[in-house]
Amino acid sequence: MPRPRNRGEALEIDQSGPLASAPPRPPEDWPAENLAAQYDAIRHVTEALCEPLAIEDYVVQSMPDASPVKWHLAHTAWFFETFVLARYLPGYQPFHPLFGFLFNSYYEAAGPRWSRPQRGLLSRPTVAEVYRYRAHVDRHMDELFGPHHAAELRRAASTVILGLHHEQQHQELILTDLKHAWSANPMHPVYKEALADDSSLPATRRAFFPEGLVLIGHDGDGFGFDNEFPRHRVFLKEFELATGLVTNAQYLAFMADGGYRRPELWLSDGWAVVQARNWDAPLYWEQDGEQWFAITLSGRRPLVAGQPVCHVSYYEADAFARWAGARLPSEAEWETAAAIGTLAGNFLDSGRFHPACSPSADDRGPCHQMYGDVWQWTASPYVGYPGYQPPRGALGEYNGKFMCNQFVLRGASCVTPRSHARRTYRNFFPADARWQFTGLRLAYDPK
Amino acid sequence: MPRPRNRGEALEIDQSGPLASAPPRPPEDWPAENLAAQYDAIRHVTEALCEPLAIEDYVVQSMPDASPVKWHLAHTAWFFETFVLARYLPGYQPFHPLFGFLFNSYYEAAGPRWSRPQRGLLSRPTVAEVYRYRAHVDRHMDELFGPHHAAELRRAASTVILGLHHEQQHQELILTDLKHAWSANPMHPVYKEALADDSSLPATRRAFFPEGLVLIGHDGDGFGFDNEFPRHRVFLKEFELATGLVTNAQYLAFMADGGYRRPELWLSDGWAVVQARNWDAPLYWEQDGEQWFAITLSGRRPLVAGQPVCHVSYYEADAFARWAGARLPSEAEWETAAAIGTLAGNFLDSGRFHPACSPSADDRGPCHQMYGDVWQWTASPYVGYPGYQPPRGALGEYNGKFMCNQFVLRGASCVTPRSHARRTYRNFFPADARWQFTGLRLAYDPK
Amino acid sequence: MPRPRNRGEALEIDQSGPLASAPPRPPEDWPAENLAAQYDAIRHVTEALCEPLAIEDYVVQSMPDASPVKWHLAHTAWFFETFVLARYLPGYQPFHPLFGFLFNSYYEAAGPRWSRPQRGLLSRPTVAEVYRYRAHVDRHMDELFGPHHAAELRRAASTVILGLHHEQQHQELILTDLKHAWSANPMHPVYKEALADDSSLPATRRAFFPEGLVLIGHDGDGFGFDNEFPRHRVFLKEFELATGLVTNAQYLAFMADGGYRRPELWLSDGWAVVQARNWDAPLYWEQDGEQWFAITLSGRRPLVAGQPVCHVSYYEADAFARWAGARLPSEAEWETAAAIGTLAGNFLDSGRFHPACSPSADDRGPCHQMYGDVWQWTASPYVGYPGYQPPRGALGEYNGKFMCNQFVLRGASCVTPRSHARRTYRNFFPADARWQFTGLRLAYDPK
Amino acid sequence: MPRPRNRGEALEIDQSGPLASAPPRPPEDWPAENLAAQYDAIRHVTEALCEPLAIEDYVVQSMPDASPVKWHLAHTAWFFETFVLARYLPGYQPFHPLFGFLFNSYYEAAGPRWSRPQRGLLSRPTVAEVYRYRAHVDRHMDELFGPHHAAELRRAASTVILGLHHEQQHQELILTDLKHAWSANPMHPVYKEALADDSSLPATRRAFFPEGLVLIGHDGDGFGFDNEFPRHRVFLKEFELATGLVTNAQYLAFMADGGYRRPELWLSDGWAVVQARNWDAPLYWEQDGEQWFAITLSGRRPLVAGQPVCHVSYYEADAFARWAGARLPSEAEWETAAAIGTLAGNFLDSGRFHPACSPSADDRGPCHQMYGDVWQWTASPYVGYPGYQPPRGALGEYNGKFMCNQFVLRGASCVTPRSHARRTYRNFFPADARWQFTGLRLAYDPK
C-alpha cells in the first residue's frame, strides 16, 4: 500500500528509499532463524542513512541534547556489544577498552561515561574506526546467530530485539540531530532533494468518541517497550478529535493573531521560555519579507501552507490549542482513536460509537495522519502506567528513569522507520523540546 | 477535638494559638453577614503571625522562589485592592500608584510587575507603610461589607472568599519563607520555642483498597479552588496505603543504606539534581558527629526519630519509595483513602471494601496523619482534571497556568491554617522543591 | 575656604554637614593624645551618615559588589575589634563569637567568612545589635586610649590610624551602595534634598606639561596606604591635561554621535559589555521624552548640563576619550598635574614648565575639579609601584592582592570625606564598574 | 647555529622540520621580488603542519577561546582575501559569498561574523573546500606578485607582510588549539613522536642589571607590530633576572609546599579562579600514583624535571614567584636583558653594566632560554606604549582594542615559528589563560 505523500516538510526523507528496506513489524514470535536477517537489514539501514554525509558531518554536536552522527553509529554498536555480546557470546573481547566509556549514553549501571555535552569534542576515534567498530560487532553478532550458539541466542534474543528497536530510534535521531546541526550552518547543506508535493488530503473535521472504560497499553502481541505495559483500564469522558493535523496555514493564523505575544494563551513556564528565548515562530522557520521559509533536510524552502506544522514544543502546541478553543488530546484518547478499525474490542463497550467513527481498517479509521508525518504532543505527562515495572538490571534504565517532567507524544514522524511505529508507542520529550519532528492534533470536549 | 500533637518538627507552630482563631471551614453558602467576621479573623491571623519578627526579618529574600514577609503582607492586600475594591467599591482610590506594580505576583492580565527574584531589593515601602496599606484596604473592605453596598458585595462575594483562601495560602508561605531565610543565618533565630513532644502514634500498617471507579474532585459543597473541579470518575486498581507517614528514622535508614549514592534508586532528573547540588540529606538537616540536627522555627534541634520526615523533594520521596519497595500514591488513591468514613458514597461501589478500611469518622479512617503534619507528595503530575476550565479574566491565572512540570501534594502541613485543609485540595510544586513542609506516605500494589 | 559648589549631581552630599566634622588630614606624627579625638570624630561621622535611613534601608544588598549599610557598620567595628582590640587590649573578649565570621570582608588570614553576595540574606543581627556592637568596640577603644595602656597604644597606633582611613573608605561606600540599592527602587527614596546649583566654573582649557623624570608616590609625610609607596622616578613625555572634567553636556554629544553604537570607539572587552548589558548611557540615567534624568541621592532629577559626567565605567571613559580625539591620563600624569603648586620639587627639573602651569596653591593649580566631584579614571592598570611590598600579616591583604584587572582612579568624589583625599591616593576598580562616583578628565599628546 | 635542544615538553615540535623552512626574519626593506617566495614558504608551512591530522581533527572546537584547525586555515586565507586581494587586485572575486562572514575573526569594521564559540558547529565548508579556498587565494596572490601588478603590490606590500606574520601567529595557534582539543580526548592522539631529551643546560643564576633610562620598543629596523611602537624611554631601577626558566622540578616543590592551598601566595582574583576551577597543577598535568604525567603533542608522557614548566596562567606564575621570594619581571626589564649583546646602545648609559652581563651575542647574553621554550609571563599589564597609535581602518583592530585586562608575555615558545620571534615582540593573554605554551622567569629586587 502506497504511503500518503503528504508528510511533514515535503517528504523530508523518502522512506521508500533506505528506510523501506527495514523489516516489517516483527511477528509475535520473532523466529530465531529470522533474527539474523532482521539484524542485517536494520543495521544496514543505519549506515545507508549516512551515505550523503561528508566526514565532517559526522563530528559536530550542535547542542547538548543532540549527538554527533558518529556517536550514534558507535553507541548503537556499543549497545549490542555491552548488552548482548559481552553477556552471551563466550569469549567475546571488546573492540576497544575505552569505547565502553565513550559510547555509553546514560546507563549508570554500565559504569562511568563521557559527558554528553562533550560528545562533539572527540575527533578520535575517527569515522573510519567507528565503522570498523560496527563491523567488528556485526561479525560477532553473526557468530552468535550461527549454529554453535543456539542456546546463547535463545537467552539473548529479547535483548537483540530490543537492540534493533533501539537502533531504529537512533536512525530517527541521526536525521533529527543532523538537521539541527545543519540548521545552524548558513551554507544550508542538503541531505536529499525534496520531492514534489502532490498530496491532496481530505478536509479536517471532528470525530466523536463516546465515554466509557477503554483498555490502554500494549496487548503483548509483538514487541513493545516496557513503558507500554501493563495494559490497563482507563475511564474516558466523551471527546472529539480532529481527523487531521494542525497545518502550517493554521499556525500562521495563530501567529498573525499575536499568538507569541499574548501571555493568556500560555502556560506560565511556556511564557517564560517564549520570552527568554525570543520565540516567535516554530524552530527552523525564517521570515524573508512576507514569505516564510523553513530549514529542511532539503535545504531552506518556502513553507507549504497545507502541510502539518512541525518543530513546535509542547508549550507552543498547548498555546495553539488554547487559542483555537480546543485542547491537546490525552494519550488514552489518542490511542483509543488509533485503535478504531484496527483492533476489535479495544472499547469495552463498543456498541455506542457514533457513526462517524465506525471501526475501519488502518488508514480508513476515523482519523488520518496518525503516523508518518509528525509526532503528536498529547496533554499527558509521561509517567508509568498503573503497575508499571521496569526491567531488571541496566536495561531497567531504558524508559523508567525518565518518567518526570516530560510529555508523551504519539504517532510517528516522517523520519521514523515505518516498522517502528505502532499504536501503543509512547515517545516522550520535555515541554520545551522543538528539534524533534513534533506537531499536534486538536481535541475537543463536546458541546 | 484535640489535634494530635505529633506534627512535623515538634510542633513548629502551635496552631491552637493564632491560627486557631481562623474561622472553621466556611459553610456552603457563606452567609454575607459572616463575611466581614471571616475577613477580620483571617486578616488578623496574618498579622499575628508576624508578631515575633524584627523589622529586618520582613525584608530579606533568601532565594528567587521565596518572598520577603513584607511582600506577602502587601501582596495579600493588593489582591483585595485589585480584584475586589477596584472592581466593586465605587470610587475606590488605590493606596499608592506604584503598589499595583510592586505587589502583583504573576498576573499577566493585571499589568507589568516587579521582578520576583528582586523582591528582596526593596527597602521601601517600609514595613510601617505596608501595615498602613493593609489598614487602608481593611477600612475600605469594611465599607464594602457595610449596609450601603449590599449589591456590590453580592457580586464581589466569591472573589472575597477566594481572597481569604489566598490569604491563608500566604500565611503558610510567610512561615515557610521565613524559615528558609533564617536557615541560612548562622545565628539561628527562633520564631517560637518548641513544645514538648508527648505524642504516641499507632504503628504504621497497610490499609487495603479494592479496585473500582471512584469519584474524584470537589463536590461543590463549600469552597474549592478551580483546580479541584470538575468532579469526575477515575478507575483505580486495588492498592494499599501506609496508614502513617514515613518517619525520620526510616529516612535515616535509607541514607545509611547509601540512598543518596545509588543512581538506580533515582529518576534521571533527580540524580542529576542530587549530584549538581550535593544533596545528601533533607533540606535543613545537619550532621554533628553522630547526631543529626534540623533547623526548625524553634532553632536548631536534634532530629526526633518518630516524627515525619519533612523538607524532602519529589525526587527524594520517589527514591525513598523505590528503596522501600513501594511507590508514591496517585492523588486519586490519596483522595479515595481520605474520603473513607467522612463522605458516604465516595466510592461508586462501596460494598466491596476490605474490613480494614471500613468507613469511619475523620481521624478514625483507615489512615492517620492525613492533615497537619506534612504535605504528602503524590505520583501525579499536576494537570487539569478532564473538562477543567479556568475562571475567566485575570483570576484564570490562579491555578491553570501552572499545570506543567509540577507534582501534586495532598493533605496539609503543620503550618497550614486548619480551616484551609480539605480532602480535595491540590497543592503543587516542582519536583526539586524542598523548602515547603513536604514529606510522604507510601503506597503498594498488592501481592 | 569654601569648597566649590559644583560637584557631581548637584551636591549629592553636603559635606559641610556631617563629613566636615571629620578631622583634617592627620599630621605626620599623629600625637597619641589626638588619636582618641580623631577616632571619636570619624566614628561619629559614620553613624551620622545613617541618620536619614529607615531600618529597612540598612538590610538590602542590591548586587554582589555592594554591601548592606548594616554590614558596613559592623565590618568597620570588626576591623578595630580584630586588628586592634584582640591584638593589643589585654583580656579583650569579642562581642559575639559569630561576628568574626559574619563581618570579615576578604581577609583569608583572618579565617573563613560569610559569602559576600549573601550579605543581604541576614536579617540578624538586627541593626540595633550592630549599633551595640559598635558601642562595645568604641568602649574598649576608649579603654585602649586611656592612661593604662600607653605602651599597647603605641604599638597599636599605626593600625588604629589605618582603621580610621578604612572607616572613611566605608563612609563613601555606605552612600555609594545605598544609592545603588535605592536606584533599583521605583519609589525613588531621597537621602537629602538637593542644594541649588549656583556654581560657575571657568571654561575648560588644556594645561601643558613638559617631559622629564618625575617623582611619583607618597613622600612619607602623613598617612598613606601601602600602595602609594615607594616613591619612585617615572619618565614622562610631554602631555596636556584638560583643566576641567568632562561634563554631562559633552557626554550627551558623544551619545548623540552614536557613541554606544560604534565599535571602533571601544576596547574589545568594553564593546562586549556594552552589548551584553545593553548600555546606552551612564548608570542611573533615564530618558523621558527629550529630557534626560539621573537617579541621585536627592531622588530622580533632570540632568544638569555643566556638571561632571558621573557613573561611567573605564570602558565608557576610554571610548569617550577616543571619540574626543584624546586619551585618559596615566596616573603619573595626573599626580604630576596635582602636585604643581602644592609640592615644591615634585619635578626633578622644575625650571622648564610652561607658563600655563606655573606652580600655585591648591585650587589655583593649573587644573581644577581635581578632588570633590568625581573619581577620575586613569589609563593606568592598577599594579604595585617598583619595589612595592605589602605589609606583613593579614593587613598585607589590604591593597596588594587586588593588583590585577583593575584601573587606577585618582582624585576624590563628592562623597569622599574631605580629609581622606590626597594627591597620591590610588583608588581602583574593574573596568566595568559604574556604581562608584566615577568620571573622567581628558589628556592629550601635544601636536 | 644549532638551537638548544631543551625546549618545553621534550621538543613538542621539531622546528627543524617544517618550521625551519620558514623564512628568516624579513630584512628591513623586504624586496618585492622576495615577497612571493616568502609568501609561498610561510603558506606552505601552515599546510605542512596539518599533515599528521585526520579530517575529524580539523573540525572540533574544545572551548570558546580555541578554534578548529579548519577555521585557522580558512581565516588566514580570508585575511589575504579581505585585506589584500579585495583591495588591491583589480577584479578579484571572493571565493564564496559567505566566507567573509564565516572566517572574520573579530574585525568589526569588516562586517558581521560567525560567533566565535560556535566555530566548531560548522561541518561545512568541508576541509577539502577550505583547501580549495586557500588554493584560490594563493593563485590570486601569485597574480598580484606577477609582473602586471607592480604598482598594486607596492601599495599592498606592508599588508602582505602583516598577513604573513599573522599567518605565523596562526601556525602557533593551530598546534596550541589542537593540543587542547586532544587533551580532552581519553584516546590521547599523538601528533609527533617525542625526541630524546639529550639537553644539558647551565645552572640558573641571577644576572644583575643597573638602574637607568632604557629605550624600549621596536627601532623600526624590520617588521614590528603596531604595539611594539613607539620606541620610548623608561626609567628602570636596578634588578636581577634569573638566567634560566623555572623548571618542572621547581614547580613541583611549590606544589609540595601547598602552593595551591595557600591564599596568601595568590592575587585575590587568582585565588578565586583556583577554587572555582579546582586547579592543583598546571594544565595538562595528571598524577598517577607518585608519578606526574603531562599531556603533550607526543601523547601522555612522564614529566621531565629539568624542563621549563609550561601551561601555567599568570596567576600561577605570580604565585610561584611570590612563593620563591621573587617576582615576575616587567616587560621593560625582560627586553632590556634580551637586548644585551645584540643591540648596541640599547641602554642610554651603557658604561655601568655589571661584569656579569657584559654585552655578548644572542645566545651568549646574560640570560638563556629567552626564545624557543615557553612564552614568559611578565608583570606588565598590556597597554599601549606612550604615544601609541593604532593603524587606520580595520587593521587598527589588530592589537589596540585588546589593551585591557591582559598581561604581556615575552620571548617565544617551542611552537613559535623561529623567524617570528624577536626581542620587542609583545604577546598578551588574560591572567587565567593556560592553554598557550606559557611559563616564567624570575626577577628580583637586589638586596
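By letter and in written order, the chains are A, B, C and D; residue numbering begins at 1 in each of them.
The definition used in the following text is that a contact is a pair of C-beta atoms (placed from the backbone, for glycine too) under 8 Å apart; a residue touches a chain by one contact, two chains touch by 3 or more.
The structure presented is a predicted model; accordingly, all values stated were derived computationally and were not measured.
Undergrad: Counting one step for each move to a touching chain, how far apart are subunit B and subunit D?
TA: The fewest steps needed to get from subunit B to subunit D is 2.
Undergrad: What's the chain with its C-alpha centre farthest out from subunit D?
TA: B
Undergrad: Rounded to the nearest whole Å, what is the centre-to-centre distance of subunit A and subunit C, using the mean of the C-alpha atoms as each centre?
TA: Their C-alpha centroids are separated by 62 Å.
Undergrad: Centroid from C-alpha atoms only, then distance subunit A to subunit D, rounded to Å. What do you get?
TA: One centre to the other, that is 49 Å.
Undergrad: Starting from the mean Cα coordinates of subunit C and subunit D, work out the distance between those two points in Å.
TA: Subunit C and subunit D have C-alpha centres separated by 38 Å.
Undergrad: Using the touch definition from the top, list the residues of subunit B that touch subunit A in their complex.
TA: 106, 108-109, 213, 232-237, 263-264, 266-271, 314-315, 318, 330, 379-381, 383, 386-387, 396-397, 401-405, 431, 445
Undergrad: Using the touch rule from the top, collect the residues of subunit A that touch subunit D in their complex.
TA: Spelled out, the residues of subunit A in touch with subunit D are 54-60, 62, 70, 98, 101-102, 114, 118, 120-127, 181-182, 184-187, 189.
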